[in-house]
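Below, chain A partners chain B and then partners chain C, in two separate complexes.
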Partner chain A sequence: MNYEFDWQAILSGQYLEWILQGLQCSISLMILSSLIAVAIGVFVTFGNLSTNPLIHFISSVYIELCRNIPTLIWLLFFYYVFPELFPEKIEIALNSSTMLNYWAAIAGLSISSSGYISEIIRGGIMAVPREQIAAAYSLGHSKAHIWKYIIWPQAIRNCFPPLVTRIIHNVKNTSLALSLSVHEIMWATQQIESITFRGLEVTILATIFYLTINFVLSHLASLAEKHVLATKN
Partner chain B sequence: MTDILKIIKMFLIGPFPQGELGGLAINIILALLTMVSGFVLGLLLVLGRISKKAVIRKITTFIVEMIRALPLLLIVFWFYFLIPLFSGKTLPLFLSAYLSVTLYSAVNQSEIFRAGFMNISKGQWQVASCMGMSYSQCIIHIILPQTLRMMLPSFVGFLLSLFKDTSVISIIGLIDLTQTGIMLSQREPNKLVFSYIVMGGLYFVFCFALSRVAKKIELKQQGCGAK
Partner chain C sequence: MKKFNWKRRMALLLCLSVMSGGLAGCGGKKQESVLDKVTKEGVVHVGTANNNPPMNYLDEDGNWTGFDVDLADAIAEALGVKIERVVVNNKTRISFLANGTVDMVVSNLSHTRSRDEQIDFAEPAYLWTGKIAYAKKGMFNELTDLAGKRIAVDQGSNAYIAIQQAIEEANGEAPEIQTFQSNAECFLALKQGKVDAFTQDSVIIAGVAGKEGVDYEPISGIYSPGLYSIGVPLDDSKWRDKVSFVLQDLMKNGKYDEIYDKWFGPDGMYPLEPSAKPVLSKDAFGENELYVWPD
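Let's look at the complex of A and B:
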């Protein structure tokens, strides 16, 4: 193996610009899709816990669909099929939009994560002992009061570690947006590789990027667990 | 009607008897193969992680933690673009997909093993060594059987997620279920929605069945524990 590294070639001019743009795009994908996924997840959990059988059924079907179809299929679905489902005028407007692939990636990522997240949150809520809720009712607390002071604080503590795992998974999945040629970091590395044949350098760059992001995220999570969520006895 | 049957056959096995195997069959084969090889490699990794020698422990921990932080797509690219760079010759597509997914499956299964090992009390190791068992005997006869039974739902759950993750290899051009769907929908744009429904439906049926199996095993085990 005698490979000569040439960092100068890829860290200058247009290529550097692609990489920086890719980093920015990747990070915005990660943040937006995770936030939307958590929001949808919480919403669907309420549907799943509802006593109305129809709402319960719809949200269960939604969760199963999210969990059992690969993320990549969701991305491709939102990019290729979703515009097709609208009347022609909207379809043309959607297809001519340059941001379609970016938003399709966000929609696909957040939908595919939201199913898992809602299951995690449901697990956290179900783990709160029923006796506590019954006791709170008999003490005359209102429903909103019980959610705010009894269920949520415990549920958040219960579901925080698996939630972080899932978000890290989602962060890694943003690399799939490459298949829609969203200009994120993997796309940048592939472009530069195909022009300069400096595949090793750019792949190392991407590897370092993902390692850093995951390291920072897991450390933030353990800090949060220690200081913010710790039970104050 | 025969047209639709033909398309569904393409999704299931590709142009198999005439041409190469493709479609869903590739996903299933790849998932099963990498599950098995990842199982063996994952066991080795976890044995390294609980090893008494600090050097081995540190190295395996570093490897596992690093690879776990990478997206599967990036691992696939490492094997697809960079192995040829060093070895001078390109690997066949399926082989490079197999190697990269194996690595991914190994580090994830080693975490499942580790969770199982953690749940087994230290006393069992001590009792085994008191009874004159060697380290390997203890692992084979005492630790592994319990871990496997305890973590069976996790392994089935991981097989499910591995099966879904094999869709990623379509990006490097292997004609799996996803790639078949993309190609068919581009060749016949009027069948776009149909081919995506078939593709999503096939993934859904398989994964849903697997997830039911995992749930059943879990419930059965909980039932045993309660008795």
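Let's look at the complex of A and C:
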């Protein structure tokens, strides 16, 4: 390979500004979409565990839709199709909003992840031995008590590692927002490439960014697992 | 526990240094000309996109087609080598030339100064077109009306810079550019009202809009020339000359006209103004004199 690296070309003036804005936007996408995904995920888990057959059915369908449709399609759906589902006035308002692409990306990312997260949390809850719950009931504990002191602490410990994996996945997926012209880090690097043609440099830059974020994230998670969630016995 | 983490960190460091070493340690040696490589291997790698109708696109059966595709075929035939098509997009076409993935790019590539710093162009330009801004009928009259408006641009097109310059020169407020991943997405965004205008070379807008183009109109005329040229790697004069000569031979022997008429002639699939053909004005050397160098 005969290629001369030129870092100065991509790290000066306007380009540096784009990169910094891109970093900021990527991080906000990551945090917001992950939080919303966990919130929806917890909510849907309860629906899925519900004894009401209708609620159980709706949650199951939701989970299947989330898990079986690619994230990119969710993003494109919220950007191009979703506004068209509304009456004309709302449609025009949505389409002329400059934040539509950002929120479409958040919605797509959150929904896509929420299905997985819900299944992870359900797994965590199901893994709590039934005998413990039966024993707690027989000792006269209330339902709320049992959730608070027996199910949740163990469920969180059970689902923490796969949850972190899924969030790391979601962090990487934020790069798909590029396709909606959201000015995140991938957009910034691709835009710089299309003007300066320094494709390798900008791709290395984006790689280092994702690598760092996910490395830090997984380290923090393993620290949390060891020190905060560790069983104290 | 500490030891384990340390090991992991070392492994990562090693990975990174191997990667960067591998990338950095390969400059400096004298390159053979692409021409020698192509003749030796009997294959020319041509980068062409597939989402810019009518220059290059996939037809209903999924076959790669378009003016660029036919021209690339003719060039490979004239070079006497097999063609190996490499799919590029408007962002990767320059990088692919710079890093040697392709030997030439025939992909609606306008000759611009900033691109000329990274690659070279064969002469002459094979199609004369240009950037126009396109919007719903009756919305805007002049380019300056687009000041401060939302404009769709395909990411990788030099329209990104050209439209801002054009509006700036007319002392208009900077527009808000939204970049999409294909020209079709730009047009969809225009249809849905996500942007106020879409700008690209006139020939591609005609191809992308197709029959739906009736509700839309160009805002004034061409504001930046798009001289479609064949891109070749930087500083390889031997190869650049060869491609230029082959292209000019095709123009002289009528093969170029054949392809042109098929796509852009009066009876072609996308009839264009006669000015799209790289022909000198009749005052220069006579009627219909092609823009080629004499022997």
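Here, the second predicted complex is superposed on the first by the 232 of 233 C-alpha atoms of A that agree within 3 Å, B and C clash if a C-alpha of one lies under 4 Å from a C-alpha of the other, contacts with A are read in each partner's own complex, and residues count from 1 in each chain.
One rule holds for everything that comes next: a contact is a pair of C-beta atoms (placed from the backbone, for glycine too) under 8 Å apart; a residue touches a chain by one contact, two chains touch by 3 or more.
Everything numeric in this text was worked out from a predicted model, so none of it was measured.
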(request) Could you check whether chain B and chain C clash or fit when both are placed on chain A? (result) clash
(message) Taking the superposition on A as described, I'd like to know which of chain B and chain C A:Leu200 touches: first, second, both or neither.
(response) both
(request) Give one of first, second, both or neither to describe whether A:Trp187 is in contact with chain B, with chain C, with both, or with none. (result) second
(request) Examine A:Pro83 and indicate which partner it touches, taking first as chain B and second as chain C; both and neither are also allowed. (result) second
(request) Pick one for A:Asn95: touches chain B only (first), chain C only (second), both, or neither. (result) second
(message) By the touch definition at the top of the document, which applies to A:Ala127: first (chain B), second (chain C), both, or neither?
(response) neither
(request) Using the touch definition from the top, say if A:Val216 reaches chain B (first), chain C (second), both or neither. (result) neither
(message) Let me test your reading of the model: by the given contact rule, A:Phe5 touches which partner, first (chain B), second (chain C), both or neither?
(response) second
(message) Quick check on the superposed pair: does A:Leu72 touch chain B, chain C, both, or neither? Answer first, second, both or neither.
(response) first
(request) Kindly classify A:Lys172 by the partners it touches after superposition: chain B alone (first), chain C alone (second), both, or neither? (result) first
(message) When the complexes are fitted on the C-alpha atoms of A, one of 22-30, 58-66, 130-138 or 256-264 in chain C overlaps chain B. Which is it?
(response) 58-66
(request) List the residues of chain A that touch chain B in one complex and chain C in the other. (result) 1, 3, 80, 84, 178-179, 193, 199-200, 215
(message) With touch defined as at the start, can you tell me which chain A residues reach chain B in the complex?
(response) 1, 3, 64-65, 67-73, 76-77, 80-81, 84-85, 172-176, 178-179, 186, 189, 193, 199-200, 203, 206-207, 210-211, 214-215
(request) Name, in rising order, each residue of chain C that touches chain A in their complex. (result) 12, 23-24, 26-27, 29, 31, 90-92, 94-95, 98-100, 114-115, 118-119, 150, 155-157, 160-161, 176, 178-181, 188, 192-194
(request) Quick one: which bits of chain B touch chain A in the complex? Just the residue numbers, please. (result) 66, 69-74, 77-78, 81-82, 85-86, 164-165, 167-168, 170-171, 178, 181-182, 185, 192-193, 196, 199-200, 203-204, 207-208, 211
(message) Residue numbers of chain A touching chain C in their complex, please.
(response) 1-5, 80, 83-84, 92, 95-96, 98, 100-101, 178-179, 181, 187, 190-191, 193-200, 215
